[in-house]
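As written, the chains take the letters A, B and C, and residue 1 is the first residue of each chain.
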Amino acid sequence: MAGGSPNELASQIYDACVKDFPTDKLFYQQDLLGLGLVPKGDVSLLLRCTQLLVDQKLFRLLQGKNDRLAWKIISREDAEKLQNLSPDESLVYNVIHSTGRSGIWVRAIGNRTNLHKSILDRCLKSLEGKNYIKSVHNVKFPSRKMYMLAGLAPSEDVTGGAWFTDGVLDGNFINTVAGYIEYTVSRKSWYEASVDAGRSAKRMKTANGVAVKQEGGTIKEFVPFPAGYQGYPTVAVITAEVNGSGITPVRLGEESITQLLEMLCYDNKLVPLNNGEYYKSVRNPEAVKMRQSRKPVGDETETVDLLVQNGMTEAPCGSCPVFKLCAPGGAVSPESCEYFDPWLEKALGF
Amino acid sequence: MSRFGAKKGKKLPGAEFTWDADPNGEPDTAPTPLFPKFTVPRARPLNPREQLQVDLYRQLREQFHDGPYYSVLKGASSSSKKGSAQRASFDPFHGMPSYSGRYQKKKRDIPYLRGRPYAVMKFFPRDDLWQTIEPNFKPGQSLDGWVPQGARTGVKRGFEVDEEEEEDAVKRPKGEDEEAGEEDLLDGDEDPEEEIVDDNFEEDEDEMGGDYNAEQYFDGGDDEFGDDGFGDGGGGGDEDTY
Amino acid sequence: MTSQYAAELCTLLVDDNFGELFATIFATLIQYDRLTLPRLRAYSRLPDNQLHHGLAAMIQQHLVYHYTSYEEGLTYYEPNLQSAYSLVRSGKILELIEDRLGKYAATLMSTIMFLGHAQVSYLETLPELQPQQTVTTEEDEQLDEDHEPKPEVNGINGEGEDPLPQQPFLLHPTLKVLAAHGYIHRVREAHFQSYADNVLDCERQIKARPHVKQLKGKKLEEKVLELTAEMLRERLDGDLTRGLMFNGVPRGAKRRRGAGGTDGPNKKARVDYAVDDDEEEEEENEWSDDEMGGDTVPMDAGITVRVNYEKLDVALRNRRFLDLAEQDCSPATIEVYDNLLRRIEYQTKECRDSAEIPREGEEGEQYSAPVSLAVLAEDVDPLLDLTGSIGPMEVSQPVNKRGKRLLDDDTNGADHNESNGVSSGANRPYEVDQHLSLLAQPPLNLTSKRMVHGLISWTVEFRHLARKLRHLELERMIEARYGDVALRVVRVLHAKGKLDEKRLQEISLLPFKDLRQVLASMQSGGFVDLQEVPRDAQRQPSRTIYLWFYDPDRIRSSILEDTYKAMSRCLQRLRFERSRLKEFLEKTERSDVKGNEERYLSEAELTLLDQWRAKEALLLGEVARLDEMVAVMRDY
């Protein structure tokens, strides 16, 4: 046995731990004794060693189960960083480190460290300046200032998932991906049959948008698959398609895609089958294309005289701003109404 | 959360987060216009089916309008009683009968009930209205020997039986009986529309069921029940004169 | 139904159809609800004469209920809002009848509406129901275009034989057809009393029965309830379909042929098949001879009939289901669905058991009568191509569309198919089943499959679909008013219940700003509500959870009121528009001008008249569209 100094022993212990165990392993006393490095299982010697390591920032002291002491190893680079920190900074760093990818609210750091606010602020500033920590934006608590270690990617809880950029929902990105998904699903939900023009001429009239006229007299017709058809895309298929399409800079997980698929279902664009095992589109590919290309125009001009679809939406009363005040004989009355004339004119053209 | 945001300005805390601030709206201080601007929706043109439905509705409505029941409230006419409210509201420009008025659609002010049989009398309340529909009916008198004494809603007779009896009682030819009320100023013209008459019923106002002329009625058609207890209608018939 | 706007609307409808006198009486009755004659006279300030005649005529039109009380012998009058409202639906009903049963049936129906109720013997005397002049030609047309089984009697007419002896045969068979479909029913005395009066009356009579008198407490209640229901059913029953149904199909029911049903294109298609048509015609004659041998027996002349609006609501509702299907189904599928719905209609008396639409989530499912697949497979037009409109089970395998299509493209094949589709092979039922399965798919689930006595049968979940229709109407309004984003939010709330903003955002994937804006505007419009759940007794805003929710029941009832109001406004505007043109319109209605417009009116006046008619049509059409919403939210 090399009855070296505790220093030597400590570095042996450290090396053994780094070598044989994963970095986030929690070491209890027995674990360290079990390494067989400490002669005769001398606990006090072990404790001296660990204290040394902790002082060198190579070990982090933690409280494990049942209030027993436990340690975790810290990589040498990190240890170097930490060694340069003031005790306060180190304290703060440890607290932030302990919360991992979720980040921690400044006020919570204050509570845990019991540091004065000005000291805390100084610590945070210096840590941030050294690029050890970063401030993150939490979607759940947008007003809270939160920190986490600079090297970590914030968890989905914090960012809100793939659809958030800097804590803000990325509408454009969502729409792009959603549009792509709808079209992709649609292509797999309808059977494309090309039929000779003569035969389906009569079908054209009755089927609203089912048949689509193509140049040159042939007609592209989309017919539904029979019930129980197994070829509709699954989440996995859709995810793979999206990731392979190049429209997303980051790889999207199935979870994120499922979220979007559900949204599309609420939009009445997709329908889940078999409890979400498959997805089917409501519209056929041509109709999807048409709607999507119309969209940008629709935002500005077309909404104005949008062709609406039921009695209430198209009667002037349906969206009348003074509908509640309207009564025969009142100031606002069907006789004095200024909306009927333009309405009639719009519909009849005279 | 929002309360922390409002430090500058005189705005109330949270005012900038208010949910009903409409960026396009007029300032709050402006008086609200009676008819604020809004883009009226555009109605779809009627599809052929809807057009047909509307046409059928109009057709039926026109049938009702031309039918015997369509009646308006009495308008003012120059023949109204002197001093009456109606006389006062008489319109001297449009109310005067004119030559072209002979073609004008006439409006009755009282439904003409007698153009058709009323198949089942018991569909109508006996005490109040039988006399109106069937002028020969006298309250408290038997119809075809059938004595409906007392309230009889509880005990009902066979539906069929009643019907048969009453069918007899009521069946009569669809004679184009002349309206008994006096004709108004346009009395003279012999329009094909004669059937619809501008009646003046002032005289009858307080009488019950006085818009018929029983004699004319009997003249008009063969009465199957002429002898069956109507002819001697002395009873309560203060309005019937024979 | 007695809400302010419903009452306003009904009065307007009465006014529009029957004039001011009726409207005055009706409005007074609505205001006071239940009046004796002297009271009614006092409140309405009408002279006796007018009042009596008006009331009698209104009873004839079923616009007024009356009830003579047992004890005092006084007669009370009540407005019949349901019938008054039905006036607005007359156009729709007549069009439906015309579409299904031909022009003559529509004329007959319209006459019955015009008369309120009428005895068959009286209908016999009416000149407009005699088939000579115009009617005969219409029938001819019909024979060419619509192929009524009914006018086969009349078909002989058309061929130039003496039409006169045939006359009664046209009225009676048509009456029977209407009766068999349940579109008209017999008038019973109880129909003239309001439902509540009928219930009370029955209860009183039942309680007076000796064996009921002996019962006490709960038993008595139950017994009375049971017997009342029974008695009511017996009293109000005007069913005339008995004895007029053959194998579950009313006599004279249109047997549909040709690919597109009643749609325009199929008429052209039919020309191509002229040869088969003739043959089918024969076949059909045979069929009717067998089963409608009693055709020559006229309708009992003593029966009094009126329009059965409840049954017509069933037919109109089915039509809505069909429209729903049309949005994304192929014509062949729709044709199959139509056949199923027809069969179901024959077995459905009314839209619901309960008087009110049950609250959301509290209504149980109510399935329609099941129709067996075999029956349906025979109903479906044998010429209808069922294969081309469904994709294959496996994409890789190319479809063989030829195989089936050969059958209807060449005449031999058609001949084969002719014997009611039986010879078209065992896979005909399978194909029909395929189409029905397609309809059963989400999101609409228009059909549902069931096994009845080991046979595959198909039904329709009425409550589910009625609910779907309701939600669709509301969603359309929301989309039109607040945009598609709002629609997404509402659908999320509807599916998930109450949600706070954060959760709502996660699901709807909307930026906070947009989300709040849209929620706020919907809240002020009354479409979503906010619930506050304080976390402590102080109820501080910062310690309170705010939950958004969407309550379709509440919204439905408020939108229903708004719809009534909007209908009233359209009718009032129409009246106003008419008064603007009063002089001119009176001129066009002059007896000498009417019918001779070309001769008496100037060019400008003719244009004006056309414009007026278009205007009126649009406003009335709008009212009819609003009525469609009322039907969805109140009747279906």
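One rule holds for everything that comes next: contacts are C-beta pairs under 8 Å (C-beta built on N, C-alpha and C of every residue); 3 or more make two chains touch, one makes a residue touch a chain.
Labels paired with UniProt names: A = DNA-directed RNA polymerase III subunit RPC6; B = DNA-directed RNA polymerase III subunit; C = DNA-directed RNA polymerase III subunit RPC3.
All values reported here derive from a predicted model rather than from experimental measurement.
A.B. asks: Farthest from chain C in C-alpha centre terms, which chain would that be?
C.D. replies: A
A.B. asks: For the chain pairs A-C and A-B, which is connected through the larger number of C-beta pairs in contact?
C.D. replies: So, comparing the two chain pairs, more contacts are at A-C.
A.B. asks: With centres defined as the mean C-alpha position, give me the chain B-chain C separation in Å.
C.D. replies: Those two chain centres are 27 Å apart.
A.B. asks: Using Cα averages as centroids, what's the distance between chain A and chain B in whole Å?
C.D. replies: The computed centroid separation for chain A versus chain B comes out at 68 Å.
A.B. asks: How many angstrom lie between the CA centroids of chain A and chain C, rounded to a whole number?
C.D. replies: Between these chains, centre-to-centre, one finds 48 Å.
A.B. asks: Could you say which residues in chain B touch two or more other chains, in rising order?
C.D. replies: 1, 41, 43
A.B. asks: Multi-chain contacts only, two chains or more: what residues does chain A have there?
C.D. replies: Only 306, 308, 313-315, 318-319, 337, 347 qualify.
A.B. asks: Show the residues in chain C shared as contacts by 2 or more other chains, in ascending order.
C.D. replies: Answer for chain C, listing residues that touch two or more other chains: 480, 618, 622, 624-625.
A.B. asks: Which part of chain A faces chain B closely enough to touch in the complex?
C.D. replies: Contact set of chain A toward chain B: 143, 304-308, 313-316, 318-322, 331-332, 337-339, 342-343, 346-347.
A.B. asks: List the residues on chain B that touch chain A in their complex, please.
C.D. replies: Against chain A, the touching part of chain B is residues 1, 4, 34-36, 38-45.
A.B. asks: State the interface residues of chain C toward chain B in the complex, per the touch definition above.
C.D. replies: So the residues of chain C touching chain B come out as 16-22, 24, 37, 47-50, 52-57, 59-61, 66, 68-71, 73, 75, 88, 90-92, 94-95, 98, 106, 110, 113-115, 117-119, 121-122, 125, 187-189, 192, 201, 204-205, 302, 304, 480, 516-517, 519-521, 523-524, 542, 586, 589-593, 616-618, 620-622, 624-625.
A.B. asks: Per the contact definition, I'd like the list of chain B residues that touch chain C in the complex.
C.D. replies: Counting only chain B, the residues touching chain C are 1, 3, 19-20, 41, 43, 46, 49-61, 63-65, 67-73, 100, 103-105, 107, 109-113, 116-120, 122-129, 131-133, 150-151, 153-154, 156, 159-160, 163-164, 167, 171, 174, 191-193, 201, 204-211.
A.B. asks: In their complex, what parts of chain C are in touch with chain A?
C.D. replies: Residue list for chain C touching chain A: 259-260, 263-266, 268-269, 326-331, 334, 388-395, 399, 401, 434, 437-438, 440-443, 473, 476-477, 480-481, 483-484, 487-488, 491-492, 495, 502, 505-512, 514, 559, 562-563, 565-566, 568-570, 572-573, 576, 611, 614-615, 618-619, 622, 624-629.
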